[in-house]
Amino acid sequence: MLPHILPKENFDDFVAWLMTQGRVAAPVAKAPNFSFDVLVDKDDIARIRMDYDVTILPPKKYLLPSYETLLDFNGPAPENVRAEIDARPTVLLGVHPYDLHGLQTTVAAFSQDPADASVLARRKATRVIGLNIASYANDEQFMADMGTVDPPDGVADLFLTDIGDRYFVEIGTEAGSEMRRACDCFRPAGPEDHRARQEYDERKAANFKKRLPYHVRYLPELLEASYDSLLWDAVARRCFSCGTCTNVCPTCYCFDVHDNLNIDAASGVRERMWDSCQLEVFAEVAGGENFREQTASRLRHRMFRKGKYILERTGKPGCVGCGRCSVHCVANISILEAFQQIAGEAAEMHAT
Amino acid sequence: MAEKPKLKVSFHDFTSCEGCQLQFLNCEDELLDILGHVEIVQFREAIDDKSDEYDIAFIEGAFTRESDRARLEHIRKCAKVVIAFGACACTGGLNVLKNYRGVKEAMRTVYGDQADWYETSVALPVEAAIKVDYKIHGCPVPKQEILEVVKSVVAGRTPRIPDYPVCVECKLKENACLFHKGQYCLGPIARAGCGAWCPSYGGRCYACRGLISDPNNNAAKDVLEEFGLTVEDIMQEFRLFNGVYDVAQPPDNAHVKSC
Amino acid sequence: MAKDLDINVHHLTRVEGHGNIVVRAADGTVEKCVLEIVETPRVFESMIEGLNWSDTSLLTCRICGICSVGHTLASIQATDNAFGTEITEASYVMRQIMCMAEQMQSHTLHVYFLAAPDAFDAPSVIPLAGSHPEVVKRALKLKKLANTICDVLCGRHIHPISLRPGGFTYLPSKRALVGLKQTILDCYEDIEATVETIASVADKFPGFEREREDISLTHPDEYAFYNGRIKSSKAGEIDTADYEQFIKEKCVKHSTSKHAYNVDESFAVGALARFNNNADQLNEQGKAAAEALGLTAPCYNPFANNFAQTVEIVHCYHEALKWLDKLIAMDLSEADVTPNVVPRAGRGIGVTEVPRGMLVHDYTYDDAGVCTQANCIIPTGMNLGNIDRDMQTYVPSVIDQRSQDEIAHDLEMMVRAYDPCISCSVHLLNVEWV
Amino acid sequence: MTQAMAQPPAETSPYLPRVGRIDEVRQFTETDKYFRLSFADGQGIRFLPGQFLEVSVFGIGEAPISLCSAPGDQAGVEMCIRRIGDVTGALHNLEAGATVGLRGPFGNGFDMDEAAGKDLLFVAGGLGLAPCRGFILDALNRRDEFRRVTILYGARTPSDLLFADDLKQWDQRDDCDFHVTVDRGDENWTGNTGVITTLFKKMPKLEPANTVAFIIGPPIMFKFAVLEALAMGLRKNQIYCSLERRMKCGLGKCGHCQIRNVYVCQEGPIFSYAEVMRLREGI
């Protein structure tokens, strides 16, 4: 599918057209940060910030909302229980490559047998328009190491690269190609456009320096080797166990389920909400036994999920190197730094 | 299932601003429904009846004078479920600030030579006098938690009252963190359940809902100190709502400060 | 027929805070007739001292949950004045709207929940929900309206969050403001109906008058709430900085709250005092409401305070709309309201009208912005002497016509008409002793 | 060892439970009740020993409960539930005729075919007898396929003993060896007293290389019983246990039951001791 051009002067029309296809979520300012937000009306197009660096929460929230109704019931008997999946047509606009990878990991996790119907139904109802990045947004990012600088195949329907007064549009899926045909904002890309796109890539290659002292393929093993390292205890001394790192992570998906009652104390809904393995009670069972009582064991669990477990289970990266967890951590705990340190830790552990 | 008799609910106030009782009345959308399912037998702020027959007693306000003890014990005797309602009742709230000033001196500042006309002592949580079954934290209490507790007690289950930090809810709201704006915040050690109310409106969290049961105080000190705050500054922040606890000790094993 | 009375209404209901009415009469002569305040002393002033400027309003708004927006407004005015902070036009307009919402919220609560049951002969608003559901639903709707205004502008009504010295820490989106305007417009008929409801029960309020001194703010351009100069109906106008000239306080044994006096032994503040002092400046709709209720200035019937409150609900509703239109037209960005406070040593006085009357916060800060001295004078405290005096005049006038129970009921109504906020009044201070 | 769960059609929510009707409730002990349930849709259920259901009382919540009846294709199921919190408390308040929500079966379970031709050793402590009972019933139903069958069961006091009818039956059968002990006896107790490991001395000798052991009970009992089994000469991969974790979905998603890279609700709850050791965070 040949690439096209979206002139920036057509951008507003393009978004307006997208809004006829479903609710559109796009990056907007949330000073001093950014966030994905649903555009309510055409006036909101002016709020879109295609120059955003990185959002607080990843676009995962549109596949796995922080609160979601799984069932609604009417009294304690299961006869009056209904499950309705809210899967509204949605367009995610301006998703950076690392977040495209994040969406891919989320979908992979929820597709595993037994699959989770609601996440998959929402994925099916969602169109994704990616947006290229030319450089790191901060010192905590390490997408070059995690292989998430470029978009994964088949996630973005359209993928935009900013080449001055226009976007270079790559078409990633059949649905993308239909969008290109149905919306008259595009024109075919010419030689000039291709050259500009090439130059963008060259700049990109120069900007994205690797930040880990080893190849990422060794990450799972290095982690395993550092299982007993005191590193985790040392880092945990600063950790508040506040769950910020997992809440902002594009590849975290742990959740809690609970019943929410109406005032009659009989009818209500069963809800799912994001949970965090960093919270103290996460692995506590009735009766009080807690299988990850120590902050250090929870912190290590997260690092292992990110660098090893999710990858092992889904085949997709459990960390996309977006740096959100580290940037938002009040205690400045950096996953990049931890991943850098384990190489030395592993070497030491094995020397003895 | 046979129609259960309506639970009887009562409200009692001690030393407080009565905002938490008002917060109950502020559940405008639910109020008439609530009244369909429970019977309010005592609510001095809004009704005349006074009854000693109640199942659930909401106690608002701190315990600040010995002569209130008998009233509290009476409520405990009458009620099946006693709920400490709001920061003043749960932790003594900001009334505790006066403990630090020395109660005698505080009274003298206000009432001068006539200070001895009035009775008062240190401010303490209701728990210092009687056992409480549940605590609805906050200054003021969040509406959703009032409803959660009322509904849970009626349904016979344990109310879900969070024991994790305010940051959790703050991130779910996608607020820009105050630390990012160069300010600071007690969110990482304060008990959630308010929906990160203050940070959502640009204010820092003062931990009005008390601390989580196992806060990492070392981290709190380290981090706040990195923001140029001394231990004394931090103590003052804590004290506004949690003066009853020594900052070094989490609520569970904290000794109650007396002056 | 000379009569004995022994009335002791213990823990008066449907008022905020704890008070007892005590009347003793032998042979037709009243020996004792007072409102005892038995609320625990809260010593707020002593707690404010030592606090950083950024925390003072957070503490003082907790003097009272019912008028916590009012306390916040007085407190941040005091802090702004102490530091010479200028607030932006946008912040000023937002504060005005908050101020209007505060009166509406509290007056609605008072008129519908606390006073109306008396007029409808119900023991409380709860049975009223059965007998007059439309009245209760309307009350809840109007109360919610005021709460919604506060929620949108500063996070919540009780202990507001973003209403801070120097401005606001949060700016609602234009969309939220436009939505709020619609919510306000949706209550238009409920406001009209409120006047009708109160007018329909007007005859239930006893006719009783006692001439008195009224004190309130006054402002050259508007019916004063947010700011202005202090006006006494008997002693003229002074600057707010000179408030001590009019408000003198003394301790009395039967009350943990102090009593205030000026020209007379006592004076009145509150809705009726404001109405008496500034009725000409009500907006059109407010004037129309006063006419519908047959209220004309000056009115010395304390029971008529409920009418004045109703008039103010109408006035504030329309003022809030006017200010909100202005705010929407301003097209703001966050920077237009962000506080910019530079602390410095000094004393600042904030005086504002809260639902129950004039409220004074007076702080002195050192150059680090730490409060070294504080004084708060609460309207209920100012009214207490006047309440005693009204009761002492009323009881002898009816002692021969009404039974003990009826008199007790009348006195409860009278006290309630003042809407005393007892939790507020037992707060603090450094007083001039008399 | 793994049994694939029938994948629900993509449109149906895996959280929507089936309706289960309580046919019988019996009080076992002060805290434990026995429940027999059938499915309102008339369709039965197929499961392996060691698998569990998610049981719902709407408005209160959901809890994982082991199936303790004989596995295979069944019209109904049996469970033994200890009142310990909200959901279990609400279940205890239900009577025969009431309905509950049932999801599952979940978990790997254990196919007893794998133990065919071997000596079987069942060691159950306290409520651990509930999951263990499924294995025992399966073994006894297909008695010919196995060699010696030994059952050791320990409870705290005589009044804590579960499934009294079964115990009597097992005791009377001569094709299995059944031993029971209590930590503290009472005046009527004539049997063994002492912790469960004391029973190991009373049982007949098994052929260690040809034995499969199932040790199910609280972690502390598990640790000591494993030592005994290892001392008998069993290897780590011949010993199986059932792990308890908090669970919110049963689908290997919510993360609560995760031990390292393993989800107990999917790859467990039945693990070999070798696997538990490899996981390091298992017990």
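Observations on the structure shown:
Letters A, B, C and D mark the chains as written, and numbering starts fresh at 1 in each.
As a convention for this text, a contact is a pair of C-beta atoms (placed from the backbone, for glycine too) under 8 Å apart; a residue touches a chain by one contact, two chains touch by 3 or more.
For clarity, every value in this text was computed on a predicted model and none was experimentally measured.
When chain pairs are compared by contacting C-beta pairs, B-C ranks highest. Taking the mean of all protein C-alpha atoms as the reference point, the chain centroid lying nearest to it belongs to B. Averaged C-alpha coordinates give centres for chain A and chain C that are 51 Å from one another. Here the CA centre of chain A is 37 Å from the CA centre of chain B. Centroids of chain B and chain C (each the mean of its C-alpha atoms) stand 25 Å apart. Between chain A and chain D, the centres computed from C-alpha atoms are 39 Å apart. Residues of chain A in contact with two or more other chains: 31, 258, 261, 265-266. The set of chain D residues touching two or more other chains comprises 59-61, 85, 90. Across the interface of their complex, chain A is touched by residues 30, 33-34, 36-37, 147, 150-152, 154-155, 160, 163-165, 167-168, 171-172, 174-177, 179-181, 185, 187-189, 212-216, 218-220, 222-223 of chain B.
Residue ranges of chain C in contact with chain B, taken from their complex: 11, 13-18, 39-47, 49-52, 55, 58-59, 62-66, 68, 109, 113-114, 117, 123-126, 129, 136-137, 140-141, 143-144, 147, 154-159, 161-162, 164, 168-170, 251, 253, 256, 423-424, 427-431, 433.
By the touch criterion stated above, chain B contacts chain C in their complex at residues 13-23, 25-26, 28-29, 31-32, 35, 40, 43-50, 64-65, 68, 93-95, 97-98, 101, 105-107, 109-114, 117-118, 120, 139-140, 197-198, 200-203, 206, 236, 240. Residues of chain A touching chain B in their complex: 30-33, 35, 56-57, 66, 237-244, 247-248, 258, 261-266, 274, 276, 279-281, 295, 328, 330-331. Against chain A, the residues of chain D that register as touching in their complex are 4-5, 7-8, 10-20, 40, 56-63, 84-85, 88, 90, 98-102, 219, 244-246, 248-249, 251-256, 258-261, 280-281.
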